Amino acid sequence: MFFRFFPKTFNFFDLFEKQIGHAVEAAAFFKEVAALGYISEDAISKMVTIEHQGDDVAHTIIDRLNKTFITPFDREDIHALAKEIDDITDMINNIMNRLRVYNITVVDKNLVEFSVVIEQSVRAVARAVGGLRNIKNANAIFEACVEVNRLENVGDAMRDRMLSELFATAHDPLSVIKWKDIYQEAETVLDVCEDVAHVVDSIMVKQA
Amino acid sequence: MFFRFFPKTFNFFDLFEKQIGHAVEAAAFFKEVAALGYISEDAISKMVTIEHQGDDVAHTIIDRLNKTFITPFDREDIHALAKEIDDITDMINNIMNRLRVYNITVVDKNLVEFSVVIEQSVRAVARAVGGLRNIKNANAIFEACVEVNRLENVGDAMRDRMLSELFATAHDPLSVIKWKDIYQEAETVLDVCEDVAHVVDSIMVKQA
Amino acid sequence: MFFRFFPKTFNFFDLFEKQIGHAVEAAAFFKEVAALGYISEDAISKMVTIEHQGDDVAHTIIDRLNKTFITPFDREDIHALAKEIDDITDMINNIMNRLRVYNITVVDKNLVEFSVVIEQSVRAVARAVGGLRNIKNANAIFEACVEVNRLENVGDAMRDRMLSELFATAHDPLSVIKWKDIYQEAETVLDVCEDVAHVVDSIMVKQA
């Protein structure tokens, strides 16, 4: 433990693990739904519930941060971490909501492909965030952050390929507008994962 | 007054009230124009004028912040507050500008509906910002922030319903592109109002 | 030199000049490609290389910032400056990538017009950033920042005019979607230049 004087009652580490746990749950559930190939009203409701649970933890972190004088790392890093992890769950929920708004109930193979990469990335983010508890994890954290960056590049290339195909083959402009939004939102989840990795990386460098 | 040693010459409270006053003026004027149902060149010009006035106050606040050593609350909160309030007026002006660019002169009933909720939200933000002057207003500020959050959720649901209808009923793809942008920009005003409420809330928690 | 005790080994000024140099290179190359009127695979590859070089400098700056105790100006300003300059090169590269994704190889006259203004703006940003080394440059820095703001307004008007024309004259909705994205991304480069100018301006005011 590298912050032995840090009071247990304000344990940010436990809260961040809980928060990223909800993000992992959202990503795993999204992969499961995409693999089934069909978006039901029940699935949409369940994702909203997961998102609300993550939201509650984010509010608890910000609230305790505002009331705590001594923090394990820079206040702005704690704030950024809570905010960005919240954005992961938010963005995954946004994809499901967008499918509902666009009345799309059948998932295409591209979204299945994205759901697999998103789950990999969120699990790597969880390893990085979970590692913050002990500076001995520095190597494991660093490797997890590299993996998140790698998957963000994978996601960029996927989105570009999917958009290229969409514009080259689609005949219905409204369908192009819908799927363009969905692929871009899927890629944004990976961007947000990379943002979290950057914050974790910056925390590690400052501790070193 | 809870900052009795704060010099009157750098009165951020007066400046923030002036700035949010321009945002309220923009929201009220937008509601008025939407209710008339017709966007004239004069209305567009008047909105640009309001936006410039708000901009001037934002610059004054940032300028004084940079030159002031002791501030009533955290420097980054003052900066965020000035920036986010500026974004409210900007975004309302953006809707009018977007209508002009898309050559839309007749407002639809959805935009009228949005204009009413936007004005309610900006007025609630004004109550929250105005309350910062005295910590005795804590309850009133808190209630105003809750109202802003509630209206943001209302706006999300409105935008989703409007986009669903738009894609389900529209025949002209260009018209879909235009109104999709406009509904999304209208909803963004409510997002920015919520951002201001978060900054106010965070200032209050730190003072408590 | 206004920070005589600042160790030469962590020379942020040299690094920022190097970083903005890559942004100028990206803007100049984009103007050259646009003037030729044809986007080749080689041109796209070369822009990616420039973007990576800029990225490397940004990482070096953030890394040194995290490891340096005393900095020539506020840590958050250094961080914001590195991040925003990186965004300039990123966004110029994004335009080229977007053209590739949309399978557009022939540049229109609007994009040529934008490329000229973008290069002017990035060169003005470079004057402002380069000036930070010596407080005697305050006037030159201020003039460069005013020029960047002026060009951002020019860009807004250009984008509005181009979008108006696009929607008024285009017959193919997919083509409208593509060019709308491209004009908006071109304008975003000028927004990011303005963001850099704001950071520089804020650094100057604090030194004054």
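As written, the chain order gives the labels A, B and C, with residue 1 at the start of each chain.
Note that in this section contacts are C-beta pairs under 8 Å (C-beta built on N, C-alpha and C of every residue); 3 or more make two chains touch, one makes a residue touch a chain.
The shown structure was predicted, so the numbers you read here are calculated from the model rather than taken from an experiment.
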Interface of copies chain A and chain C: same or different residues on the two sides (over or under half shared)? different
Here chain B maps onto chain C under a C-alpha rotation whose angle in degrees, rounded to the nearest 5, is 120
The distance between the C-alpha centres of chain A and chain C, rounded to whole Å, is 28
Multi-chain touching residues of chain A, meaning two or more other chains, are 76, 173, 177
In their shared complex, chain A is touched by residues of chain C numbered 62-63, 66-67, 76, 97, 100-103, 173-174, 177-178
Per the touch rule, the chain C residues reaching chain B in their complex are 76, 160, 163-164, 167-168, 170, 173, 176-177, 180, 202, 205-206, 208
